[in-house]
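Here is the structure we will look at.
Labels run A, B, C and D following the written order; every chain starts at residue 1.
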Amino acid sequence: MNKPLRIAMFGYGFMGKAHSNAYHKVARFFPELKYRPELQVLCARDREKATEFAKTWGYAEVETDWRKVVERDDIDVIDICSPNHTHFEIALAAAKNGKWVLCEKPLAMNVREAEEMAAAVEEAGVPNMVWFNYRRVPAIALARQLVDEKRIGRAFHYRGTYLQDWTIAQDVPQGGAALWRLDAAVAGSGVTGDLLAHSIDTAMWLNGPITSVVADTETFIKERVHQDTGQVQPVSIDDACMFLARFANGSMGTFESTRYARGRKNYNTFEMNGADGSVFFDLEDPQYLDFFEHTKTSGEKVEDHLTGWRRIHVTNFEHPYMDRWWVPGCTIGYEHTFIHALADFLAGVESGQPAQPNFRDALQTQRVCDAVLASAKSRSWVETGVDSAKAAVTS
Amino acid sequence: MNKPLRIAMFGYGFMGKAHSNAYHKVARFFPELKYRPELQVLCARDREKATEFAKTWGYAEVETDWRKVVERDDIDVIDICSPNHTHFEIALAAAKNGKWVLCEKPLAMNVREAEEMAAAVEEAGVPNMVWFNYRRVPAIALARQLVDEKRIGRAFHYRGTYLQDWTIAQDVPQGGAALWRLDAAVAGSGVTGDLLAHSIDTAMWLNGPITSVVADTETFIKERVHQDTGQVQPVSIDDACMFLARFANGSMGTFESTRYARGRKNYNTFEMNGADGSVFFDLEDPQYLDFFEHTKTSGEKVEDHLTGWRRIHVTNFEHPYMDRWWVPGCTIGYEHTFIHALADFLAGVESGQPAQPNFRDALQTQRVCDAVLASAKSRSWVETGVDSAKAAVTS
Amino acid sequence: MNKPLRIAMFGYGFMGKAHSNAYHKVARFFPELKYRPELQVLCARDREKATEFAKTWGYAEVETDWRKVVERDDIDVIDICSPNHTHFEIALAAAKNGKWVLCEKPLAMNVREAEEMAAAVEEAGVPNMVWFNYRRVPAIALARQLVDEKRIGRAFHYRGTYLQDWTIAQDVPQGGAALWRLDAAVAGSGVTGDLLAHSIDTAMWLNGPITSVVADTETFIKERVHQDTGQVQPVSIDDACMFLARFANGSMGTFESTRYARGRKNYNTFEMNGADGSVFFDLEDPQYLDFFEHTKTSGEKVEDHLTGWRRIHVTNFEHPYMDRWWVPGCTIGYEHTFIHALADFLAGVESGQPAQPNFRDALQTQRVCDAVLASAKSRSWVETGVDSAKAAVTS
Amino acid sequence: MNKPLRIAMFGYGFMGKAHSNAYHKVARFFPELKYRPELQVLCARDREKATEFAKTWGYAEVETDWRKVVERDDIDVIDICSPNHTHFEIALAAAKNGKWVLCEKPLAMNVREAEEMAAAVEEAGVPNMVWFNYRRVPAIALARQLVDEKRIGRAFHYRGTYLQDWTIAQDVPQGGAALWRLDAAVAGSGVTGDLLAHSIDTAMWLNGPITSVVADTETFIKERVHQDTGQVQPVSIDDACMFLARFANGSMGTFESTRYARGRKNYNTFEMNGADGSVFFDLEDPQYLDFFEHTKTSGEKVEDHLTGWRRIHVTNFEHPYMDRWWVPGCTIGYEHTFIHALADFLAGVESGQPAQPNFRDALQTQRVCDAVLASAKSRSWVETGVDSAKAAVTS
């Protein structure tokens, strides 16, 4: 017995496309799910563009007034892919109206908003999730599995980077529909919310709460033309951010994100070093997890002439999610992470074991982001306030 | 003005799934195409499994008698994904009934069949294509672009391998619905038709006609249980095949395919060395094309302290097909090659510039496959009979 | 006309072996040098071990009293490979006696010692060098060449790591002849002086002065048996150290070193990102420099479908030092860096253009190390006090 | 008690340098050896160049008449590094005079010469070795160890390539002192003797006798200026050679060598696939052996989510030869293979367990080379005549 699930999508940008694709494909590859997404409404301010998008992606209707959408009875799910500064208001209204709420990351403009949003969905008792899609890269899910299997052991080090290079040119404008990520008033922050939020979510999922940080940010290009006004204006986002961290488990972390690393296009990497093993991942090579195994779980002596980093091509049927796709050796890509996230979310609703990260989980990541920005400003170590006990639930 | 295109799919296996996915996605990512695939009929002998598949993938009907399907007026396209020994009969009937014909590779059981099939579609004047999907890997299409841009120069060497490891165990059975690729009566040959056919198609696309070969094949495991009968029977396919080749342009080729290369899951690689540059590709890392540039086209002196293999992450908007997907640095996967092939096919019909490889192109690959098997038997060099003039058209 | 150069070597450990090998080989591969090292005295406290070493390596004599050696008239060069806490006293006495002084890194136990040592060799007017041998890895020297050729452009980011994993086990003892690097009283610090000093020297050579840092250190295993006493004692060195940095040119730096990164054996890496290009190096793959070129110096448009990281196999005759060795494609190894350093030193004395880094250059690195340790203690940003004008001379 | 071993070196080219370096270093790093090489005579026709070389490398004397050298009583070892066409005559005379004979590869111009040479040293009862130095790359020696430890299992496939790119330009001359490798009258053959001989020696060492081959060769540039005469003359060597092979153990082999693979400088690779594991090696990355382990020797079940190619950094103390050099993570280079070969040779004489490959072993490789060239000429499969029983002794 399939249950239709009527979706209202907010936004038609890059993320709107990725999510729409996921709604179309999830039932083909996860046919056991009862919920069947139906693309009901595409909501955006620009009716012309919204209509074009709706036509391509098969949305039944277009709406420009978001308030109307959240109040409609024939909508089950609100999916927020609009710019960051809109998340708060939409999510609160959606929760109030009893809708399920899915929200792109970062959850909010700051911790204050995020706290209120988490409280709202909990009070309303509605299913909710934040699209930290990279947890659903099979290789990253495998890393988590190795942690759970105790193959890493006592953690000593974690290092995360998220490097891109697309804003180096002085003549890249800021703001507007396409480039709102460069406008602090709309995005909240620069690389911290856009890229580091991913790194932090992954790090805490794999290695537990981050308790304190010391950070530094930089804006390399000080002024840019604004897309909408055509005026040269100061750039208010962080172009780059680096920080040192301490985790609750005593391990040390280094993090860095930037859009000024020439040659790095989507270099979202992490490495974790423990007493018994290490893992390394790079999103530009998402089909691999590099694993160095020191202690054999069977207790056998490690053979020193055989040790080496093992490059696991994460495409076996035994790997997370991979039994849903093709055959061993055949890769999947970026868009599949959204399908997996959606499948996990739907399965979580069905089973009563909600998928993660939900709003409260994402709030923890927001705490670290805010602490990072505060530290860069105060030039001192800052406690994140991540609730270790609650964060642990994430695991 | 969109034109619906009613598809009849033959087979529900691995390929049926990949093609069905392509029919669903093509209009989302290539919205400018006029033809809009509609999944009309799923045709297969096992009604129960066919029905299950049709439900998951949204086929309107199920049919078990293939002859009925090819004669129906409400079908525009016959897509043949059933085992190799069925291609011939279905394709001929489809052409005779004026259907467009898409056929999985290898086109036929042998050259004799392939010749007849190519003649049939040409006589009927129907659009036709063989799914050598790897031409549509962006990195392979980029290799072809580099050849066209004269960046490789006079060709000296070509080497192709296609290595897998899934049949090493003695207890893998042969035959039946799932394992017909191990049954020569159904598959025609072993790795030669299954894997080498891909390597040969790519090689001739990039480097022109193969004119002569000397080959060797082996069946490592001599007897296996047959899936259907439960009887131990001799294995009649080639488990492995290697050959030396000469191309019409004077360059030398080495080729090898096997299902006995432990640790190689989908190791479809090629390397081409020319006077001015070289390229290397590996399907396990499909997001990369490795390129060594010797002569700068601008005529500048090569700076010897800067030479090196360049690892091109083929995800820029400037790369083949990649402007249809996400943003630079985001990878796509195996299934996308089918979507690209379908889009090229439909665009070719619309424009009157048919996409390749069509049946006649695939016949050339069949000629090489047959020559390889003949050489392995005769233990001597064999001329392929590839028509250099016609094969060149492929380019 | 060859001039014999009589060497007195202090220490017979790992470094004594590496240096002795360099003295034997330098004239074979740099035959144009006038100075010809002669191994005159091996000086160490343990006469038996010293005698064994002297025999293997061809030293004419053994001496256990270092004061006698620095005062002998028949010695030209004092090479200090003994533990860190001995550098100061020996170097001062050597300079006072007019000897040339070569010293292993880190130069001193702290800035105060290093300042006095730099002043002493300058006052005495004697040739001096500190063995930061990695500057002489051909790939690192090539990185410097690319900087000088303006191929990196305005610097945005620098990241350096030096990761090892050999002290993870609780039962590794500390101190004694073999493990003095784990004894703070002898080594001065842990990974900061041992590993980070290399990273800092390379960083400032490539990217100029580091002006401020914020750091964190950790000692993961709190107590170990002392090799000499057999007693369990607190561990006083830093097992791991990470820091953020700002360079005088405005770029941002992250640095990390540890002996607790399971699977990393000698992972001394750096990456530098500039507006026009990036470089990456890893000492475990020393034959490579990875280079991403964005702006062609000729002013041509970059062809976006050809961009990628170029893996330069630094073994061409055109690469630094490589015309002295074998043929393109043949690698050299760890020991060659010492031969290059020695050849550069001797050539510098001959030409009157002293090789770097000399004692004063190494003092700058010591300043950063001390600032790092101070920052870890104070948990605040610390100015390094590196003299930008003087440090620039290093270049 | 050290025994001096007086060496007479024939030739001062690239190999003369590599061997001379080995004679100097062997006692420093293998001090337990009793034999101590002394560089007595450098023998070559060009007295001026020979004198220069002898001075740099410390040879006591220079001689231009090779016959005098082999008859001198004060010479113990004749080391033949002169061009290939001189090996036969010198080796025979040396053996007749009771000298130990070391010979560069390929042993001879053809099988007939090699047979006579093997018989001569055996009849004379003198220690002898051919410098197939790559057996002494630690990673290749480790591959052999894995074979011996039964970690590869039943062999299915072997593929060897040796690709270079230094003769592509039309204006590279042939012949003369520097380029005799391009002159068939002096070299015997082109890449077959120069490069393939290495690949074949390694292949048979790891995988046993090659029993039959089918080959193809090409000379891409048909005429070149001769270095000595200045005349344009036909090129008589093979520029490239490829062949298929069968091994005595039933496995299949592909081999290829060329000097026309743009971007490949010293790409000497092999891969071996067996039922239980695979290994891959590339001489441009000599510090690594890639190993895929399928069956755990302990009989445990393979964990399918952990399988992957392990990149072994062959620099641990437990790896072949590496306890003689530096510390884990520090690489060695090309020249070390000669030191290892020499150490093994001397240890073999001392122990009475002669090192391999000796002249008779190298004769087997010569058989395969000759069969390859014969097959390329006859365009048919050729039996190599390698004596399986004798070849097995090589192991």
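The definition used in the following text is that a contact is a pair of C-beta atoms (placed from the backbone, for glycine too) under 8 Å apart; a residue touches a chain by one contact, two chains touch by 3 or more.
Predicted, not measured: the structure shown is a model, and the values here were computed from it.
Visitor: Under the document's definition of touching, what chains do chain B and chain D have as common neighbours?
Guide: Under the touch definition, chain B and chain D have A, C as mutual neighbours.
Visitor: If you take the mean of the Cα atoms for each chain, which one ends up farthest from chain C?
Guide: The most distant chain relative to chain C turns out to be B.
Visitor: Can you give the whole-Å distance between the Cα centres of chain A and chain B?
Guide: The mean C-alpha positions of chain A and chain B differ by 36 Å.
Visitor: Report the inter-chain centroid distance for chain A and chain C in whole angstrom, where each centroid is the mean of the CA atoms.
Guide: Whole-Å distance between the two chain centres: 41.
Visitor: Can you give the whole-Å distance between the Cα centres of chain A and chain D?
Guide: 54
Visitor: Can you list every residue of chain C that touches 2 or more other chains, as numbers and ranges?
Guide: Residue numbers touching two or more other chains: 307, 309, 313, 316.
Visitor: Quick one: which bits of chain B touch chain C in the complex? Just the residue numbers, please.
Guide: Of all residues in chain B, those touching chain C are 142, 145, 291, 293, 298, 300, 304-313, 316-319.
Visitor: How about chain B: which of its residues touch chain D in the complex?
Guide: 156-157, 159, 161, 163, 165, 168, 214-216, 218, 220, 240, 242-244, 246, 252, 254, 256, 258, 260-264, 271, 273-278, 292, 294, 307, 309, 379-381
Visitor: What residues on chain B touch chain A, complex-wise?
Guide: Interface residues on the chain B side: 14, 18, 20-21, 24-25, 27-28, 31, 55-57, 164, 166, 265-267, 283-287, 313, 315-316, 325-336.
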